[in-house]
Amino acid sequence: MGVTVLQQYPVPENKTGTYVIELLTKRLLALGATQQGQFLVDCESFLSHPQMGATKTVHILHNSEQPASVFSILESGTKNIHVVADGLFDLFMMKLAQHYTSKKQTKIESKGPRFELGDFCVKLGSVMMNQTFKGILIEVEYRPCVMANAVWSLLREFLQGLLGASVPVSPPQHLLSRMHEIYTPVDTVHQYLEHFGQYRKVTGLRNA
Amino acid sequence: MSAANAAPITATDSLSQALKANIIPNQEYLLQGSVLDSAVEVLLHRLRGLCDNVDAGPETFDDQEVCFSLRDPNQQSAPLMLRVRKALDARDMPYQLRYIGQPDLGDKTRPTVVRSSLDIACNGMLIEFLNELGCRIEFEYSVKGYMFRKGRMKITVAKVFKISQSSAMPPEPISQSYLVELSVLAPQGQDAIAEDMRAFADQLRPLVQLDKIDYKRLGHMAVT
Amino acid sequence: MQREEKQLEVTLQAILNRVNDLKTAIQALIAKLENEYETINWPTFLDNYAILSGHLTGLSKILQAEMAPSLRALVVLPLQLGCERDEALSRLTEGRVPACTHDLVPDLLRTKPEPQAEQRLQQFNHKASTLSYDTAQKQVTQFTKVVSHVWEIISKGREDWEGDSMRAAGMQPTHTMTDTHALVTAVGTGKGLRPGMPALPPGVGAPGLGAPRGPAPQLGPAAPAMPKAPSAIKTNIKAANQIHPYQR
């Protein structure tokens, strides 16, 4: 487990998502990467019952990189509180069905091929919400290091090289305050949630 | 695409598979009793002889448990009870979040109490999470004692303490006895284990009498 | 014929084993009594007795079982009695029977009660059979009365004894129902654990002090009070709306 940066990749006007994924795959393979399976990150959001006062949202995320964990982030006002639990947490959410109801139509996921290139791990994800293509999310992880500030410049250089100069690369919002702390899987999940939140707001996009 | 590169199964799918196969331990079989402080050594001695983890000696634990309730927004059913346990003697261990359903005592022929139960290991800011979720702290206590294993059975012998408001005061024990619990977590329908538990409980007699105890009925009796 | 002999041998062997078991058990008990009479405690002593009785039951089971009849048909005939010391016999019996004397043999080989005892038994049997029904009944009721009276005295004495002197004598009870209930209710419903409440006696003073934390979650009646709250809010809003146009 190292430091991970999540980056949106714009899909050109007249191209499809599949095309972009294939393009990036070719680039990665040319760099000497090997494909190591697929990955999947999904997110389901639950809203509190109106009778319970101010609306709160519980986001439940799964990451195939940590298959035995369930990540849960509670959004309440300005605070985001996370809990990492084992797989039974999903059952727990079912127990809360009276209090928190799932917004099924906003179920969102990012999935695609997973590559390894030396110390880097790259995942090319197509973001889908309700079978609708929403965009492309690229995850790059530098595995030997757990301090974001020590590895950020390296990650930026790698991303810039992979994505081309046209894509602006900036440190993820979530990481800004956590640059000097030990990076954990939940930080990756927070980044996914940030991006998923943005994608959910965007309406209508071309087909994959 | 090769098999190794197959898309990973979603968490929801694997969960529903596990549910269908009935492999999730969501039932707790339970017997409870107590032993006076003066006799606890004898009981521990006997348990050491009966249980599996003999050579390593009894495992000790020192936990703090906070009990939360979450009201039903529709006011139709009883509030949801949630318990959070934290090991005070192993602070880097995850929290244990427990949902415990209504105890079902059944008739006389049923050997143990059965209640639905979910045990979830959690890391992170769980207490804060539950507070924000809408849960209210009902009460808390600490338990300190010994744990034994016998096959799938878990036996705990523990002292229950009331947590004092000021940290300067030591926690005060709520009785002159140790609480003794014999429990098994199993998937639905594995009632055979309850018979085993009964047999085991009988071996502890007359030192301890492990029984099905309906604390709700006891609570009502005390109130009315 | 050979088969019968074999069976007989097996039976004898089994009996011999049992008898030997019994013997070692008795020896162990005697040894214990001789060597550990200062430290031995009552339960261990009773355990030894339990072992003895176990062996005895085993033995009598074999004797009663169908293996024994062939044994019953056999006759032991002492051919020669004498006062001379018989080394072989002495060794066989571990020094208990030094010689086959006139004194010992009748007792050792006896299969029926002594003639004197037999005679007295017969007398009693005769007396019992000639007793009239009414007298017998009377005696039985009398006896029952006496026994039940003694039973009462004993059980009362036992109650007292268990209550007081057992504690003093060090045979304390190891658990009490009250503590079990207190602990289980505390862990289950938080009785006596809620903040601001005295641990003992639990429940006292709860309504006043425990209220800020809310009623016990398991006590169902708490729920019906709730639906009123939202309705109260609604009326307030309505009232405000009514006031509003008035001010204009």
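Lettered A, B and C in written order, each chain numbered from 1.
Everything that follows uses one rule, which is that contacts are C-beta pairs under 8 Å (C-beta built on N, C-alpha and C of every residue); 3 or more make two chains touch, one makes a residue touch a chain.
Keep in mind the model is a prediction, meaning the values are calculated, not measured.
S.K.: Going by average Cα coordinates, which chain is farthest removed from subunit A?
M.R.: C
S.K.: Find the most central chain, measuring centrality by the gap between its CA centroid and the centroid of all protein CA atoms shown.
M.R.: B
S.K.: If you average the Cα atoms of subunit B and of subunit C to get two centres, how far apart are those centres in Å?
M.R.: 33
S.K.: Roughly how far is subunit A from subunit C, going centre to centre by Cα mean, in whole Å?
M.R.: Centre-to-centre distance between subunit A and subunit C: 68 Å.
S.K.: For subunit A and subunit B, what's the span in angstrom between their mean Cα positions?
M.R.: Chain centres of subunit A and subunit B, defined by C-alpha means, are spaced 36 Å apart.
S.K.: Among the residues of subunit A, which ones contact at least 2 other chains?
M.R.: Residues 51 of subunit A touch two or more partner chains.
S.K.: In subunit C, what residues contact two or more other chains?
M.R.: In subunit C, no residue touches at least two other chains, as defined above.
S.K.: Got the subunit B residues that touch at least 2 other chains?
M.R.: Those would be 72.
S.K.: Quick check: in the complex, which residue numbers of subunit B touch subunit C?
M.R.: It is residues 32-36, 38-39, 42-43, 65, 67, 69, 71-72, 75, 78-79, 81, 136-141, 143, 160, 162-163, 165, 172, 174-177, 179, 206-209, 211, 213, 215-216, 218-220, 222-223 of subunit B that touch subunit C.
S.K.: With touch defined as at the start, can you tell me which subunit A residues reach subunit B in the complex?
M.R.: 35-40, 42, 48-53, 56, 58, 62, 64, 67, 70, 72, 74, 76, 79, 81-92, 95-96, 98-100, 109, 111, 113, 186
S.K.: Over in the complex, which subunit C residues touch subunit B? Could you list them?
M.R.: So the residues of subunit C in touch with subunit B come to 172-177, 179-195, 199-200, 202-203, 213-214, 216-220, 223-224, 226-227.
S.K.: Residue numbers of subunit B touching subunit A in their complex, please.
M.R.: Going through subunit B, the ones touching subunit A are 4-8, 10-12, 14-15, 24, 26, 70, 72-74, 76-77, 80, 97, 99, 118-126, 128-129, 132-134.
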